[in-house]
Structure formats: structure tokens, C-alpha cells
Amino acid sequence: MKAGFEQDKMKDACGVFAIHAPDKDVARLAYFALFSLQHRGQESAGIAVYSDKEIVCYKNMGLVTLVFDEKILRLLKGRMAVGHVRYSTTGSSNEVNAQPILAGSDTIRHSKSCGAKYRRQVAVAHNGNLVNTATLREELQEQGVEFETSSDTEVIAEMIAMSDKPTAEEAVADSLRQARGAFSIVALCEGKIFAARDSFGIRPLCLGKLGDGNWAVASETCAFSIIGAQFEREIRPGELVIIDDSGVKSVDYTKPQREALCIFEFIYFARPDSVMLGQTLYTVRRNLGAILAAESQVEADVVISVPDSGTPAAIGFAQASGIPFVDGLIKNRYVGRTFIQPNQEMRELGVKMKLNPLSDNIRGKRVVMVDDSIVRGSTSSKIVSLLRANGATEVHVRVSSPPVKFPCFYGIDTASREELVASQLSVEQIKEMLGADSLSYISEEGMFKATSMDRHNFCSACFTEEYPIPIPQQLHLEKLMYENGKKQENRVPTCLRENNPRS
Amino acid sequence: MKAGFEQDKMKDACGVFAIHAPDKDVARLAYFALFSLQHRGQESAGIAVYSDKEIVCYKNMGLVTLVFDEKILRLLKGRMAVGHVRYSTTGSSNEVNAQPILAGSDTIRHSKSCGAKYRRQVAVAHNGNLVNTATLREELQEQGVEFETSSDTEVIAEMIAMSDKPTAEEAVADSLRQARGAFSIVALCEGKIFAARDSFGIRPLCLGKLGDGNWAVASETCAFSIIGAQFEREIRPGELVIIDDSGVKSVDYTKPQREALCIFEFIYFARPDSVMLGQTLYTVRRNLGAILAAESQVEADVVISVPDSGTPAAIGFAQASGIPFVDGLIKNRYVGRTFIQPNQEMRELGVKMKLNPLSDNIRGKRVVMVDDSIVRGSTSSKIVSLLRANGATEVHVRVSSPPVKFPCFYGIDTASREELVASQLSVEQIKEMLGADSLSYISEEGMFKATSMDRHNFCSACFTEEYPIPIPQQLHLEKLMYENGKKQENRVPTCLRENNPRS
Amino acid sequence: MKAGFEQDKMKDACGVFAIHAPDKDVARLAYFALFSLQHRGQESAGIAVYSDKEIVCYKNMGLVTLVFDEKILRLLKGRMAVGHVRYSTTGSSNEVNAQPILAGSDTIRHSKSCGAKYRRQVAVAHNGNLVNTATLREELQEQGVEFETSSDTEVIAEMIAMSDKPTAEEAVADSLRQARGAFSIVALCEGKIFAARDSFGIRPLCLGKLGDGNWAVASETCAFSIIGAQFEREIRPGELVIIDDSGVKSVDYTKPQREALCIFEFIYFARPDSVMLGQTLYTVRRNLGAILAAESQVEADVVISVPDSGTPAAIGFAQASGIPFVDGLIKNRYVGRTFIQPNQEMRELGVKMKLNPLSDNIRGKRVVMVDDSIVRGSTSSKIVSLLRANGATEVHVRVSSPPVKFPCFYGIDTASREELVASQLSVEQIKEMLGADSLSYISEEGMFKATSMDRHNFCSACFTEEYPIPIPQQLHLEKLMYENGKKQENRVPTCLRENNPRS
Amino acid sequence: MKAGFEQDKMKDACGVFAIHAPDKDVARLAYFALFSLQHRGQESAGIAVYSDKEIVCYKNMGLVTLVFDEKILRLLKGRMAVGHVRYSTTGSSNEVNAQPILAGSDTIRHSKSCGAKYRRQVAVAHNGNLVNTATLREELQEQGVEFETSSDTEVIAEMIAMSDKPTAEEAVADSLRQARGAFSIVALCEGKIFAARDSFGIRPLCLGKLGDGNWAVASETCAFSIIGAQFEREIRPGELVIIDDSGVKSVDYTKPQREALCIFEFIYFARPDSVMLGQTLYTVRRNLGAILAAESQVEADVVISVPDSGTPAAIGFAQASGIPFVDGLIKNRYVGRTFIQPNQEMRELGVKMKLNPLSDNIRGKRVVMVDDSIVRGSTSSKIVSLLRANGATEVHVRVSSPPVKFPCFYGIDTASREELVASQLSVEQIKEMLGADSLSYISEEGMFKATSMDRHNFCSACFTEEYPIPIPQQLHLEKLMYENGKKQENRVPTCLRENNPRS
């Protein structure tokens, strides 16, 4: 459980939320919103509020419902709030990485004497990954800033707090202009909420309206549904939205580029009931399944999904193919906290922690198993075996995304290229590895068609190697070294989807 | 959050597990088994183990994964174990009600001087509800037993510990013969595992085999799947199974009656991947949907379920009716612990904590909404409104169980008769109350047909008032009084399914 | 560990603190002040702060250092604060009794609909005991107030919150005029700190100055020392002090009576480094020892104390008598939390949890054992035995207070009269009971002389039965019933000093 | 709060306990014994028990009373136990360092595959410091052992577990023969308790008798008092005591050297009611004070101590000099857990967390302030100022140990030589630094005389640089580097006594 250097190198998917509602219980609304964004991060949760003078923040490791209780929420009085949920990467149970991150004053760090001269207090919550963290960090260190984490979020927060620009708005805009990479951030500074996306809009962020002049910002629209807010619009690439008592204001803090939203938000990350680029993701995923069915027909008796994320595509596949959809694998839903590991003896007994096959629906059947993606392939392989052991006569694997061949540097924790099975093996070889009777991925064209959008609206670098933001060579090397450096037992498949609590 | 007297009157659904495996890590296996039975109870969890001399027990409030950690599991060394998960009823957060319950010696209670003369130490885990608790309790009190709870489980444990029968087997058998009501129990006593069902077999219990002469007992077969055990057979009504180093032994401790398994295990309680009476429950539930479709045809565009428990029936309904199944409501899955309540302001904002409608699949559609049961009707009514607010042009409610008209006295926490909507209103009136365009319940005949079993295999008293075990008038009165006595704000609909964490 | 009705009847010594310092970290200062008052109550601790709009409060069971951590303190931002530590009575581990108590709005209770019409929000911390709680409570209940506790503090808080007086000051003054009994309270209401004592000044309360127009109020002056404040003066009987941005204001909310400070504050309760009525209590206690030595001379080899509270008197006794003072009993200081009980077997082994005799200083010696008081006598008796078992040839018990014969109704948890050994037995009989060679109490005259004050400055009803405030017959009965009603095992000697964590 | 490399280099004073009592509740007895040894370590506590098959262990950060509760104690069933309390060094809050340390099997580490071939399971609790840890560690690593800590205790445990000697006794003896340094250890292995001291007996360890053939071993005799055991004798240097069902057996596992007990156990570490080398330490400390008074006479009005550890010497000083002893500084006793720091503002306010002066006893007086030792001198300096600020006209510092000039390498966390004030300054210079009117240390001769023992019975290297066990040059360098490497803010004076929780 040691949080070593490597762990700090891992940048993760996260969920962010902000609200400006002077007459409401903003902490409680943030709590519920973060609860609805919990699928974006289960490692830690935090809320910072601002009343009239100062920002206070409470955050801890664990699910939203574990971090906060009634007594804590009642202390978080304020007129506006920002919140964050963080993705759980293996072994990193380090509270310093929890967000929002405070900079400026009144942080534990700065109660000690510190060389830095702060100009303002700020709380930042961030989803994404900067690619020029090291450079920015060094500059701040020269100004006397002492960092507590190696996180890029802390760098952003310190930039804003240290900025010599006269207003918070200029300080935020100026800081964001210096940042390279993928980021959707919300910040609380000088009585205003700031929300911005990088110039490609790689990570999602949207604006919602609560009525009475109150506004919210969230990674996904499902956060608006739970608090009764109305989705207003997406924050645009390169846009900085400022919310204060006078309402919502928008500036382009930088020149926007083409939209390049992470395609995996459509395929798997976001909740199916969220809406992005005007599309309900459930519908997109069902389309993916339908197109996949058309592209790779197969004779079979039942269509099953790898729950829960594969289900919309499986339903779409079933409806397009006419093969009936059934539940083939039942998932245990009560994973609360850090999980105890089965021991070797239990692994030999065949302990199946997460998925239990429904033999009735499989036995003697030719099964189409629909999943949303394959990264390393190890989990898929186990599921195929499980289905066969429970009587499936054939197993046809259908994947509603193209082969993942290239790592992500924009905030998603993929494996290194060497570990991505599709970058090492042909589809035929992967089929053999999985032990499947057939294997088909959706085509890139099919995928884009399912989104009803143009391919140029997305970042699909993990399929195509077309990274919209250049990746410094250094990051490539670090990813490689990191992967090689990890001990085998810690080398948990923290990849696009396997072992992810959501899958 | 006060645990008053009334709370003790509430008897709840629970999950039990036992294992005899001298060379294995029995506590860890019990942990995983209880994890798979978590749907049967989220209030508390406990495991008792026996090594060579004594029983030790650890239990606490909360989910299995919260109660136990690696450090605690390592202290639970033993050759055999019993475990328990308890259903969470509102407000009752009382640790003394956690099971297994120890009696005999070395309990906290008996470290104080106590008039009772114990003959043996026993740990009991119980699912069900005795109807003669009061009588048995008084007899034991006369012998000097001081009770810590008002639970019937403590009564059973004390009977066994106090019994003057020479062996544990005779003590258990004799105690069970005195018990009236519904019970499936597992107990650990004098180096043996005991497992028994009441003479009607109202609550489920089954036997599994681990190999190497090791055996397990569980409420449901899904607990065997997770630990790699093989389902052997169900424990029979009136049967007492004894497991020790010499293997499995069976005695009929009492004359078995007709099997009267709780029909709601088939409809809703048990996990869909569990097998009871030879039937996989998923299949039964799909059958229920299909028969329901045939019984109450409707013109509609989509079939949706009230997730998660209504889904198999909805899929069955869709396939039988030819109307496509889609997900219409997305459920938030990360409910970890006691939940913070939205305040009044948030309720007005329309905070929807658990279910979010997928407008894309509903808007402009005639919707069939399939649910497994309606108890008070309040939740169903809200969901119908939600669907209409999201654009459903028609909402046809289909229920895969008949109208629930009578309370349960066998371990299920139903409402009082007055609160059961179907005992007060006609189907037409309920339809009006729900605001549905049409409402149909499956017929009793249809329900039994879906089970592939005879109606005489089940207790279906909640539909028919045919209680297999007579209910003392006193219990009827208490249930009534209890319901009337509860303050309105505490009167949470702890009913067959509404507000249940599983639904 | 059940908190039954009886427990709520027990009124306890407590410590209170308030601070008005808009530019300082008032919660942190309150934390340290409460830490210095910890001897007045170890059961629970709490701090309420007010910033510009609302009062927020955090409190919990346990020592100050356990209840608060850095993360919580940082959430308690405010311009002023009130704090409280509560005395630990056996078995009562009920968080609802923790103080400060909030009334008005935003309490958990009032987030539910409640009949009461509140006019203001208030937080109250209280040391003392009202004797007309029942009457006041009923009046409030008629106005729709729903009480959560049976505490008199909640009654005071609700009176203030409900008062139809136009200002907070008038509401507080009016409420206090209705209260009968002993009370020193601090309250936070409408941006002001209120501090008041009953008209006899039975429980202590004093005013301190922090400089820069900042003020503090505390039960004892030691709280000023720890935060660097200067003792200004004692709050007078019947005085209400109001502190706000404009400074300190004083009104006599009622006609003051003669001062009647609890004499036991001088003898035992307060910290020896605190100053009351102009006297440093250490000096008073040393005087008590010196006068006791003069009153009851004895030939002996060593003077020992029952640590820690008996030590100043023992040192005074030694110096006056010329008999050398030595440590005779070593006390274990690391009692952190709820303590595990030794079992019967260990009691037989002679487990001595708290005091270990220093045989070297006792063996073969004639010992004078100085204690500050004897209530039930059971502990004293054990210590005498322990000294003899470790070789003392003679044990002469000297008590630096007169015999305690009458119960306290003003906030101190004494035994009932029947349990007070001095109300049942003569000094000679008590000597026999203790197994001492001689026993002497200080005379009343001697006691008052040691204080350098007049007897009319004190309440000494526990010695004299001269209760300054009339005690309703009902309270006498309840005290009696309470004592008789307690089960023997719960009947912990929660008396003036035995078993008190301080002793 | 990071536990970095440096922290692992710090070896600390600790307390150990072992008990063999098959029919008793050994975990509960160990709990009470550790509670009485709490002054030897407040960082972590742990107990390991052995029943018939395996050792189980529970340990955690915190005081004994926080680590264990009734529920945990009940799981620790066994026939014998070993326990440990660990000294709290700044910043090191790392649970892996808690003891007892298990090796062999069933530790978390070894549930993973590990190259090592264990021959037995062992639990070790250790007080002291090896000087050849690095060498032993490397040898074990070559055999496949993977270490979790850098602690020497883990090395000892692994040596025993890996030893190819046929019996536990030979394995323990052989392992101890390889260890160089100061160590008093207790171990539990193959159903036997082992207790041993290094060949110089630098750290204390003694044997006690419970009756009925039951035995205990503890760092100090106060642990016997609390559980009702009788002190039997000290374990001898180079002796290995083995306790099992057949009784106590003793072997000299190595050739004993001269006794060289740490003189600081007499001066300060051990509880005053403990007995070592036949002397009650309270008496020794009073003697130290008396001799100090004779050696360095002074005209003064009062003698005060720096509580609590300086008190016996102060009393001895007072009695020998005829100057009256009074309490001059009152200590806050309720430090429960990690303590919140005063902020800069509060430090300026003069926050005095631990000691409050009793002005009455100081004002206008010539004060002799007796302390047991001075290491860095910073705390003493603050106390002298405090006394003057409270009116002392003269402050004469008297120290009941000679000047500490040399670091300890045998398990005591002293400062580096550079930080030891007496190694840098003359007594006259220190006097100036402290701001005292005079300063005297006891002479070495005086100190030994006070012990009633010969100087050759002790290790007094911190005064004399005569290290009984040679210190490898590497350790000198590491101590130096460690000190230089620490950041200033972390450079907490973890020295012989300042800032120690006991002082």
C-alpha cells in the first residue's frame, strides 16, 4: 500500500463539480452531484466552499458517502462550492492527492513559513492531465513554492495563487494559457466560480442552471439530473466561464482548436444517461452494438453483455441481429471499500468475486459476448473460459470499440503500449488468446457513425495515434519506465476498463 | 436514529452461511460467501469461528466489506465458521442485533455473573421469524437467562446453550422442536456445524460441497459459486444437517410438512443467479414477465424495467410481446453507507437520488414499465410521474407478482395490512393512484406456472392469506400497533421492496 | 452501554469557554482552552463558531484531542466561538448530550418540520444544573418545541431561540431570569457572546482579555493561561456579560444574591493553578493540609497523598507537621479512552489499574495518607489495604474537607444521601470501615480559614445542608429513586471524587 | 507525516511483555501490562497470541487503550502472548513498524509468493538496537527474505523463522548469538515463550511469577504489579529464558559480559515504582536529588521540579537542603492523541501547551528548579524564562544527571553529538544559554553513589563515551547524516527527554 513515486505519475479520470447558489445548501448539493459522478472516481472525494471570507475544504479517501456525513456537511457553509471525485488507482491511497487542492493561504502547508508570496486563495478541482507539469513546477519552485504532491492540479492551483495578475479572472486565464494538455477544471477564487476546458475540449465539462440565478458546472449532465438542475450547454474548448452574483460570463481564454472530446467518454467512461455533444450516451452505445452486429454477423442463440458497461451495446447488438438478449453474467454490486483479496487457495477453488455466470442462459447455447473494449485482454480471456465452463458451445466476442493500440496521455490511466494487447497481436492472435470462436471489433468508421458526429469532433488517439496535443518524448519514456519498473505483483491492470470498479 | 422497542419487533430477511473446512481459511471463505449474500442484508455482518476450544465472533454494523478488514480476518482462525448478514431496517442501528449470536460462555454478557447454568457454547445465525418467541423467552428467563435483545435468534441460542440434553445434536434438535415459525438456521456448537429449516421450509437453505470432505451451507447457491463450492442439495423442511470431521449427517428433527418456500424468494429476494427448487431464478423471473405479457397485452413502443430487480421480468415481457426492451431508468450504484438525506429545498428541486430517466428511450414513447411487486405504491407512483415528465406518452404498469394484500410474519418486514395498497384499493383504484394508463398484475396461476412448480410448494400467504403456520393473534396486534405507533417521519416504507437498497 | 432514562437525570460538572476575536483562529484557541479545561469533563467536547450568518457546531464523544483534528478545526471558521467539555458519567455515551447545544435553525432536529416558531439561532454551553427544568420544558413543548434530550441546557437554548423579546440580549436575560438553579453559561447568538452566572454564582466563570479588543470567558483561569489571555475578573453572580465588536458590556439580568461559589471547586474540582475569588487554588489546598495537620496531629514517618488531587494538601500537611512528604502511590497516566475492564479472574489476581504503591517509601513506616475528600469510602478503604499490604505499620487517614453528608443538586454528580458514608456513619465508624489507625477530617472552620474567605462566600451545602437555592421535593425523590433504580453493576461510584478520572 | 528513510533509522525505547498462562485470558493480561508500560512507548501497541496451532497478532498505531477494544481482545485467544509498546518518534506514523513482528507464515507478506523457505513461525517484540542490522539483513535477503521494514526487529524475527536449527530454542539462541548491540527481546515460537537480553544487559528485562505455574516477562516490574504477578528476578545478561508448559528453563546462549544497564533507566526512563538491580527507582532518584543538593548548595526559597519526571529528585533535593518543595509548574495530563499545533499567532500569544506556572509559589521567590537531564537545552531555557516571567527573582537549575555529551546507539533516540548542548558548551555557557542564575549537574560519582551500585553495573556512555559494545563507524556517520539531512521544521527535539510525552 505504499504510495511511491510511480503512483504520482499516474494521472486519472476524475469527476468535477461546481455550484454558485448563495441561498442554497451548496455543500449538500455538491454532495449529491458528486455521488452521481462517483463512477468517474472512487478513490477520494472532496468539497471546498466559500462563504464571504475564506475557502474551507474537506476531503478524504473513499466514496462520497463515506467521506461525508451529516456533521461534516453542516460545517461546509458557503455561497458556492467546488467538488471532486478521484479515480482509484492501485496502491495509491494517499490523501494528499485528494482534491480540491487549496493554494494561497490557510492550507496546512502554508501555515508553516514558506518562501512564496501568495496573492490570492484558490481551490481547484481538475480532470485531465497536463503534459508540461515539470516545467511549470520548476518555475513555481523558483518563486518559493513548496509542493506537497507531484500532481498537476497542485501546479495549476499554485499558478493561480501566485499569479501577479490583478484579478482572479486574469490569474486563472493566464495560468490556463500556460498549461499544455487535457484539462477540465473548476476553481473557486475571490468569490467566483471558474470553469474551463483546454483548447481541444478533451475532457468533458458542462453548464447547468438551477433557477434563481444559480448555476452549476459538472463533468457530466447526470450531476444536473440528481440536483434538479437543467442542462444549459457544454463549456467550449478554450472557454473560461466565470460565475458570480452577477451571473454567468464567458471568455475565450485561448484560441479554441477543433473539438477533440475523448471518444472513450462515449464508449465507456460516462454514465449512459449523460448527454455529450447532444447525444445521450446510452443511445450511442446501443448504436455501436447495432452497427457492430451489422459489421460482423454471427449465427448464435443468445447475446450477453459483460456487465454493466457492455449492456447498452449488447442490447443494440441483439435488436439489430435478432438474436435474443439475456443476462449471462451476474455482477456483485456491494463492493464498498478496499477489498480483501482471495488467497491462493481460494483462487484455486475458483473464487469468482465479481461475475457469476447464469448457467441457465448459457448452457448448450452459442453465445455472443459483447464488451465495450479490450485492453490487456486478460479479463476477457477469463470470461470466455467461464462461459465455456458453464456450457456455452460457442463464444463469439464482439467489441464495441476498435482495437486500443496506443496509450493515453490526457488523463486516462491506460497500460503502456507494450501491454495493450492490440498493439502486440493481430485480431486473429487475440482471438486465440481469448479462446473465442470468433472475435470482431467495430470499425473506426462504424464507431464514428454510431456517435452521429464527425470523427474530427473526437480524440481517438488510442486507436489512431493521432494525438491532438503533442506528447513530449519524456512522457513516453516515463510511461514505459513506469510500466517496466513496477513489480509484477503491483502491476495491476489499471487500464482503460479491466479491473475498473465500474466494469 | 434511536433504536426503540418497536425496532426490535421488526423481523427481517437475512442471509446465513456456514462452512466446515479444517484445513482452509474458513473466515475468508465466509467473508466472500457473505459478500455474495449481501443483497439479503446490509445492516450488519458477522462471522463466528471455532478452532479447538472456543468460539470467537466478530460482528459490526455495516456492509461485509466495511465490517471486516485483513487484520480482523487474520484473527478469525478456525476449523469451521458461521456467518450472517442482516437486513437494514430504518433507524435500527443497534449492534446488539448483529448476528451470529453467541450464548453459553465468553460472551460479554456472561462475563458478568449470571444466574444461568450453561452447558455448552453456541453461535447461531438465523433467517426467519419465530412466532412463539415470547413464550420461549419467559421459560429461559425463569432459568436465569438475562437477554440482551428481544430477538428470536438470541432465544434459539440460549435454548441450545441451556439445554440439558447430553449432546449438542440433541440440544439443537430439541430446541428447534420447540420453535414455532419460519427459520433457517446455521449454528456452531461443540465442534460441529448444524443447519436446519423449519418444518415448512419457508426460508431457503442449501448444502454445498467443497471437496476434500469440506462442506458449506448457505441461504442461496450464489454463495457456493463465489467460493468454488458445488451445490449439493437443498436442506429439507424439518431436516437437521450435522457436519463434522466425519462428514455430513442428516436427521429429521421433526415431522416435515409440505414444502412452503416463500414465493417472494422467486419473485424478488434471492439473487437471479441462485437456484431454488431446481429453478434458476433468473429464468423464473423471465417466465413471469413472459406470462404477464401474455395475460395483459398492451400496445406500446418500449418495455422498460424498474432496475435492477424488475429487469429479468421486463426482458421476458419484451421477448414475449415483441416490444423492444430498453433501459429507461439508470440507477446509481455507489450507495455505500448510511445516506444523507436531501433537505426540503432539494426535494423541491426534484432531487432524484436513485433513478435517473433515460429521456432518449422514453420521449414520445408508449412505455411498458415492468416491476416485480407493488407494496405501498408510493415509489411506483413517483416513477410513473418521472416517466411522464420525461416525455412518455403512455405508461402501462405491469407487475410480475399478484397484489400483495396480507402481511408476512415469517421474517419479512412488510407493511401492516392497512398500508398494503392492494388490501385497500382495487386494481383500478391503484391504477388511478399511480397515474398509469393501465395496470396489470400477473395472476396467481400465471405466477405458479412461471415457477414450473406446484402452488403447494410455496408459501404465498401475502397474496392469499393462507398462512402455513398459524399466526398468534398477539402478533397481528403488535404489527398493527407497531405501525400505528411509529411517528410519521420514521415510518419509512420498509416493505417488501420499496426503498430496499436492492431495488 | 445503554443510555437509559436514569442517565439523563445525572447532571454533571462541565467546563465552558467562549471567545470573541474576529481576526483570530477562534476555533483553535477554543480547542486549546478546552484542552486545559479537560479535567472538568472527559465525556464529550464541542465547539460552535459564528462567522457572519450562521452558527456551525462540531461535537462528539471523547477527549478534546480525539474529537477534533486539524481537518475539522479548519472548517470551524468564525469570528467568535463557544466550547464545552462534559463530565463522563458511567454508561452514558450519548452524543445528543454533547454541548454546545444549538437551537433555532439548522439543527438536525429542525431540518424536519417542527411546530416551533424560532426567532433566532443560538448555541449554548452550560455548567450547572437547573432545578426547574421540568416546568420550563413543558411550557416550551406547548409552543411546539420537540426536545431531543432531557438536558436542562437544551431547555435554556430553546427558551432563547423561542423568546419573543426583540433582541438577543433581552431574550437571554429573560430566559435566565426564568431559570432556577446553578448555572454558568456561555452562549453565541446574533453575533454576540453572552456569559452569565446564576444569582448565587454557584459555578465559576471568569472573563479574560486577549488584547486588540478581543475577549474570552472560561470556567477557570487556566484556560486563559494556555491561550495567552490575561485574567480580567470573575463574572459576578446575577451578571450577564455581552461581548461583541463594540467591546464588553455588563448588565445585572437579575438581583444578585450573596456569592455562594461551590466550595468543592476550592477543594478538588478546579485545577490547582486556577485562581478563584482571588486565591490560587494550589495555595488554598496547601493551607487546607497545613490546618489539617494542626488540627489533628499524629506521630508518623511519612506523609503521602492520594494522587493527584490530594498532593497539594499532603505537601501542606508535611510542611506544617515536619513529617517528610514522599510519593507513596504511583498513578498510571495514560488512560486514553473507554477502558476495558479486568475480568473476575484478574480482580482476584489483584489487578491494580490506577495506583501502584511505592513499597520503598511505605514499608515499615507509619504513614499519613492525605486525601481531599471521602464520599462513599470504598476507594479509600482499598487504598488503606494496599498500603498495609505493602508494609505500612500504621495508616492515618487525613481528609482536607469535612465529611460530605448531603447530596448536591447544583450540577455535581454526588451519590444519594444514603450512599454518602458520612451521612450514615460516625467518624469512628468510618475509621473502622477504612481499616485506618486514625481518621480526621478538617473542621469547617479550618476549611474556611484555609480559603482566606468568609464562609458566606461559598455554597457548602454538601457539608451543612444549607442549600442556597431551594431544592424542590421532586428532585430529592428523583435522586433517591435514581439511586435505588440503578442496577448494582451500573451503580458506579460516580461521586464527588472516587472513580473520577482526575483522582 | 511521511515516513521516510530517515525515520526508519531511528531506533527507539520500547516496552515488551510476555506471558505464559494457558488457563488465563493472556491477551487481557498483556493489555493491562502494556498499559502500565505505556510510558516506554506511545506510538503503537500490539499483542500476539498463540493457541495450539498458530500465532495471531493485532497491532496498530496509538495508545494501548486506543488500539484494543473489547471486541478485538476477545478474538485474541491463546495460551501465551507477547506484547509491545513503541516509542513515538516524530513523523513516523507507519504501521509496518508496529510490533510484535511476525515471521514465518501467515503474515501478509508471505501470503504472496516469496523465495524464502521458512521453518517456523515466530512473533518477536524487541527493545533495543542492533548495530549489525545491515549485515544480517543482507544474508537473509540472499536466502530470499523480502523485508517490509528496515527495522532490526524484523531481522531478528526472520533469522529465527529461517534458521535451519532443528528446534525453536536452538534457532533463537543461534540468532541471538549473531546479533550485536543492545536488545531485550521476547518471542513466541513453537508453543514456547523466549526472553533474552544481550550479553551486557543494556536494556532491562525481568521475570515474574503468576502462580499455578504461570510466568510473565516484562521490561519493568510495574507490569507485574498491575496484573498481580510477583517479581521473581531480572533476566541476566546473555541469558535466554524459555517458558513452556513444563515451566521455566534458563540457558546462557552466549558468554555474559559485565552488566551494563542503561543508567538512564535509573535517571528517567523507567517508572519510579519499578525495581531494577534491586533498587526502587523512586528512591534512587530521590537520592540523586539529595546528593545533588549536597554537591551544589544554593540559597533559595523553594525547590520546584520540572514535572513529572523531575519530581523525585526535587523532593530529595528539598529534603536534603531544607528548602521547601512546592509545585511550581502544573502539567496538562490529557494529551490523548496526535496533537494539533498552535499556529504562529498563538505562539505569539504565548500559548503554553504543557506547563503552566503556579505564580503563587514562584513570585518573589528564589527558585531551585530540579530537572533530571538536559539534552538540547531548548526546553529548559523556555522554562527558566517562564519562571522569571512569573516573578521568580532567581532561578537555579539543578540537574540530577551529569552532562549528556555523547549519542546513544543502543536503542535510545538521542540527538546527534552536535545537538547535545553539553558536548558543545561548557557548564558556564549553558547557564548563560538557559538564562539561569546558576547551573549545576550532579557529578558522575554522585550519580553512581545514588544508585547504591558500582559504576561497572551500568552503561553510561552518553556521559563518558565508554560504549560497552563497539559502534561501527557507519552508524556514527548515519546519525550525523540523518541529523543534517532532516529539514529544520521536522527536526523535532526527539532527545533523551525534551518533548518526550512523559516529561
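Here the chain labels run A, B, C and D in written order, and each chain numbers its own residues starting at 1.
Note that in this section a contact is a pair of C-beta atoms (placed from the backbone, for glycine too) under 8 Å apart; a residue touches a chain by one contact, two chains touch by 3 or more.
Source: prediction; values computed, not measured.
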Interface composition of copies chain C and chain D: same or different, split at half: same
Most remote chain, CA-based centroid, reference being chain C: A
Centroid spacing, where centroids are CA-atom means, of chain A and chain D in whole angstrom: 50
Approximate Å spacing (C-alpha centroids) for the pair chain C, chain D: 36
Centre-to-centre distance between chain C and chain A (centres being mean Cα positions), rounded to whole Å: 54
Chain D residues counted as touching two or more neighbouring chains: 70, 343
Interfacial residue positions of chain C with respect to chain D in the complex: 24-25, 28-29, 31-32, 35-36, 38-39, 42, 62-66, 68-70, 73, 210, 222, 225-229, 271-273, 280, 282-283, 286, 308, 311-312, 315, 319, 324-327, 330, 332-340, 342-343, 345-346, 348-353, 356-361
In the complex with chain A, residue positions of chain C that touch it: 51-54, 56-58, 60, 70-72, 74-77, 106, 108
